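One chain, chain A, links the two complexes that follow: it is found with chain B in the first and with chain C in the second.
Up next is the complex of A and B:
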């Protein structure tokens, strides 16, 4: 618990650092040249990725397998571009095993416990520590020692396990914000709501204008978690959120009741039939201007580009409105960090470990992460040496919002134990609430707490 | 195999050291068309599948039963916790009884609607009908489609935002755009929407099974019935249907099995939450998901096994009784 609090507090400082990147490149240039790999500068790498196969100190032999959960077309393109660049540098071809993002998540336990790939993508925070505690991940302290100078303390703390060892390389992150279309706001003369009351007023106005005020969907089960998180953060603050997610606080707490009651006032503004819609469908209503606002992760820009590339430049966002209480100062938000990890039970790991660590090192470079960012700008690079001049306006704004946040959380299903966050668990409870916001909340909260209490004891709690 | 032929009808060679009269006696008593090699071959052909069956089916079943008394997470050492999983399942676990209810509903819907519908189509298509093959193909197509495709097709029909059914109703002016029916998200109706989608496949499956049975009914029976003045309905009810008894049993068994193993369409739609809980999905979400609650998932699997044993036992006793006769 304590370590988590400090981790997140430090993270915010780290991201402030990330925002002020202009001062960093010289430092990074110094450390990357001192490392074993050639580490071309960000600019050189993006212009001519395969330019320097000269002394062949980087040549790797053998094999390397990658469990890739970046299954969306644009994301897969990014992974492939990175693997190509890695091959150009080391001549080693990475065998990529791409699995649908949600399927990968569902099967992670069996996957890591059976015959996983050498390297895989996963989530930082509680979810990483959960599997590290189970002995399903390989610590990479030696690799981390080589690359840690390229990460701010916030990111660094996000990859430390309960045993104080490092288990991952932060590869990207994305904040959750409220998205809107600039032209729609200009046409209708809407202003960006800074407070909760502004938000309600805006929603009512949109409703009279014939719009769906808030695009919302929850067939996937997780989008509702984002709204719960932000309301909980705004109303009860960061510490309560962390306590709730780790079991120190009870779901029967009146503070949780207050969150549900507040949420109930938003539901009339949601898309009709949201419980049967995917987030992509909700996103499309924003793109088509039938909905005014959309609260989701920055990765939604990938969907916008797919549906209507011309709308991409018209998308903008703002932080979720504030409640006017003492927690406003936290400016907290969900900004989950994705990481690359090395498995523990890969059958080839003994032979592939050198390659796997070289690959992790490769992912720790800004130039590598930028390739991913160029494929889908929802993946903001975590490395300090990433060339921020390559960031688009939205990303720079996202970095700015995150850097202002005094507290950063990882998202409900990444901040709590996986057996609590699934389909027949928290996803069901939140849908239950959404279906009947006026129900007996005490009863619902009691059933959530009963569910938590029935879960097996987990040592890492 | 040709080298075996000369030996095939020869008496089995006497075992070394046996006395002549004894071996002659034994040879007569155990006279067999099979020599030792044949027996070995047969034993292998029967034994290997039997062993595989025992290991993969009953071995795994046994392991599931054992695991249901543990809190195994797939990684850490197994610890036995008695019947805790079952107590939790029957008392506090709030997704269990809805899942049981949905499975029962599934069975009732199939028995009362989908299976009779498939039989009806089979009977109709069994008559001399122009283009019967075309109709058969059309009704059978859903069975051939992959379930991912079936799920996708029905999502396109049901969607509240731009699905075919709702769009058509709005287009006709029968519904306001904000009054569309949320077939997939409304927990009070989505199970029925899924049942319709599942029936779409099931009807075609039953139709083909039944049609194959109908084709094998001796035509002279129908002629005899016609001569006796029976109309078509009477012929089917009193002559054809009773003759089809073996097929009918198969149809019933198939219907029950399909209902108990109901999984795919509901899982594709929303991973079995919000009104679409099913026992099979609860097993998956607990034992095979990120949660890794293998012990608890196994307990649900054992419950499903016990439920499944009821129709299996009824079926087997019936088959064995008819064989005895």
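Up next is the complex of A and C:
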């Protein structure tokens, strides 16, 4: 009986709370109706192509919609700052549709095939060419002609489709390097390894000092790809790597065996239980100085800053050690490039195309990209006229390393077809290898090649 | 005399035994409740901690706290744009529940009160549709949504795709079958004489539906409404597949916003998940009587 009474009291209190809840949505509704009514974009389709260029100004009329996958708070701030600057220049307000990065990626097929926004952010390399080949992107050769002088050859190559047309503007990139803590290296009198042998010596020394020599994780599936890429680039060179990614070379090649064998010698130095760790957890061991080295993209500095802001200034990096062969001169590395593209099926594109191209041109400026960089220093500007004096020390170093590189690759999952890079394909093959590095490699390589051969024929490439 | 002593001893013995078993029961139930609540409590605990502190501690998420605060909740509410997403959910869920109950009550009324030969067949079709997993029809549905024109006030792109109305309709479609089934069974338990009396008094079909039957099925409507609210609120699939605009998605799909491109703060995700769960928990506490009766509703034919 007693319990019955108390339950009723709980219910009463709950009812009061519920009354509050039912009021709340109407209050929110009252606040947001105004913003909701400004959102519709269909009206533009009925308007005449409005952007007749006026002779002396950048003034644009009509509309422009942007599909934005930069959803992290800081990144969104950067995109908004750029849109504000664009509006200040052209009076055109960009309607931004922000979708979180992962969902945007998962939905990309549906999105581009249905009613996409005029301009959207995407990745260069195979992923760009894939949608260009499917006719889901608009070529922008005329825009590119105006801005191409602002980009180095490496970036220019990254936005060319299989039909030799240009489909994007490179907006940012980040390199993959080996990270370490300066104070740890100073305390233990470690030196930066320039060659593979130096690296192994250093790892052994770290092990005797009670450290995990190399922080490693592969729960996310993709981190291991970075190591495969760099080993393959260092041992077999850029041309072989690209050939392997596009199917011109075979996975059963003894050169691939050599990569796996080399990799196997590195695995004893990895974090224990890496298959179950996320990259953030691996990164944290570097921050706490229980691990000595960490091979990842420059974006890892974001995690460091969140975990321990004081450690940020103590982070430094160097390019992956060299093998002492003819490919050392290439100084190749993974430096994935993000790009802006114009969709093909946007319902308003006919009316918005002039605006969209003006917006692309705006993104090609160093001053624009710098706004993004200032919001999140993981976005290194690609434009040559970006003011490098505004870069922090790490970024300057990254720019230096990348500019020295004769060859740049995108990253395994951006350089090959998506159905080959996925969780049931390369990700699981690499995990399989990591779980048993001493296994019959010929068998593993044969199964990778068999998987590739079984993929449906895709005309592009 | 010895018998009464024996009886007294026995009752004392029984009482002690009953207390013991009662105690064991309570221990068992408490342990079971804790096991059930563990993920929720752990998430609540995690959501109160700053990420930096969790990571700095070698024990990570299993460590004892130095700081506990509500910062993650404030971050989610403001930075995660939660008010907007709560509103989106309300705009989808509330009309969908009302529409489903309205339509299925009419179907149920027709099926249970009038006999036109293939009642059973209609009911079977409705229920069979309910057995179809939604994933099966997503590709054709997605294409259809991109072809069906919808006029301006209901749609800002002239299509069913990427519109709140589209989500409301697909939820209504999928829930109507089950609701019709349950409501028609419930209506069959109402006495036929009521309807006959109303007919003799000159009431038309709509009057009987609106003024005789509907007031009587209110308990069933309340139970179904509770279940429907929870189901539609928890939907993730449709809202991910049928929306392209980030700012139109309901709260369940918007939870993904808390995951960064590379970096994800698990303490913030915990806070966001709990906040997304709050409305259903509150609703359950208020309406649990209906919720439980809803589970057995229409299971017995009167």
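We adopt the following convention: the second predicted complex is superposed on the first by the 405 of 461 C-alpha atoms of A that agree within 3 Å, B and C clash if a C-alpha of one lies under 4 Å from a C-alpha of the other, contacts with A are read in each partner's own complex, and residues count from 1 in each chain.
The working rule: a residue touches a chain if its C-beta (ideal position, glycine included) is under 8 Å from a C-beta of that chain, and two chains touch if they have at least 3 such contacts.
Predicted model only: the values in this text are computed from it and were never measured.
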>> Contacts for A:115 in the overlay, against chain B (first) and chain C (second): which applies, first, second, both or neither?
In response: second
> Between chain B (first) and chain C (second), which, if any, makes contact with A:107: first, second, both or neither?
Replying inline: both
> Between chain B (first) and chain C (second), which does A:75 come into contact with in this model arrangement: first, second, both, or neither?
Replying inline: second
>> Is A:456 touching anything from chain B or chain C once the two structures are fitted on A? First, second, both or neither.
In response: first
> Should A:387 be classified as contacting the first partner (chain B), the second (chain C), both, or neither?
Replying inline: neither
> Which partner, chain B or chain C, touches the larger number of chain A residues?
Replying inline: C
>> Quick check on my understanding: which residues of chain A belong to both its chain B contact set and its chain C contact set?
In response: 106-107, 110, 281
> In their shared complex, at which residues does chain A touch chain C?
Replying inline: 10-11, 14-15, 17-18, 21, 24-25, 28-29, 31-32, 39-42, 67, 69-73, 75, 97-103, 106-107, 110-111, 114-116, 279-281, 284, 287-288, 297, 299-300, 302-303, 306-308, 347, 378
>> Using the touch definition from the top, list the residues of chain C that touch chain A in their complex.
In response: 51-52, 55-56, 58, 60, 79, 83-84, 86-87, 90, 142, 146, 152, 155-159, 161-162, 240-241, 244-247, 253, 256-257, 259-265, 279, 282-283, 285-286
> Which of the residues in chain B end up touching chain A in this complex?
Replying inline: 71, 73-76, 88, 92-95, 158-162, 177-187, 190, 269-274, 277, 281-282, 285-286, 288-293, 295
>> Applying the document's contact rule, which stretches of chain A touch chain B when the two form their complex?
In response: 105-110, 113, 134-136, 218-221, 271-277, 281, 285, 418-419, 422-425, 427-428, 431-432, 435, 447, 450-451, 454-456
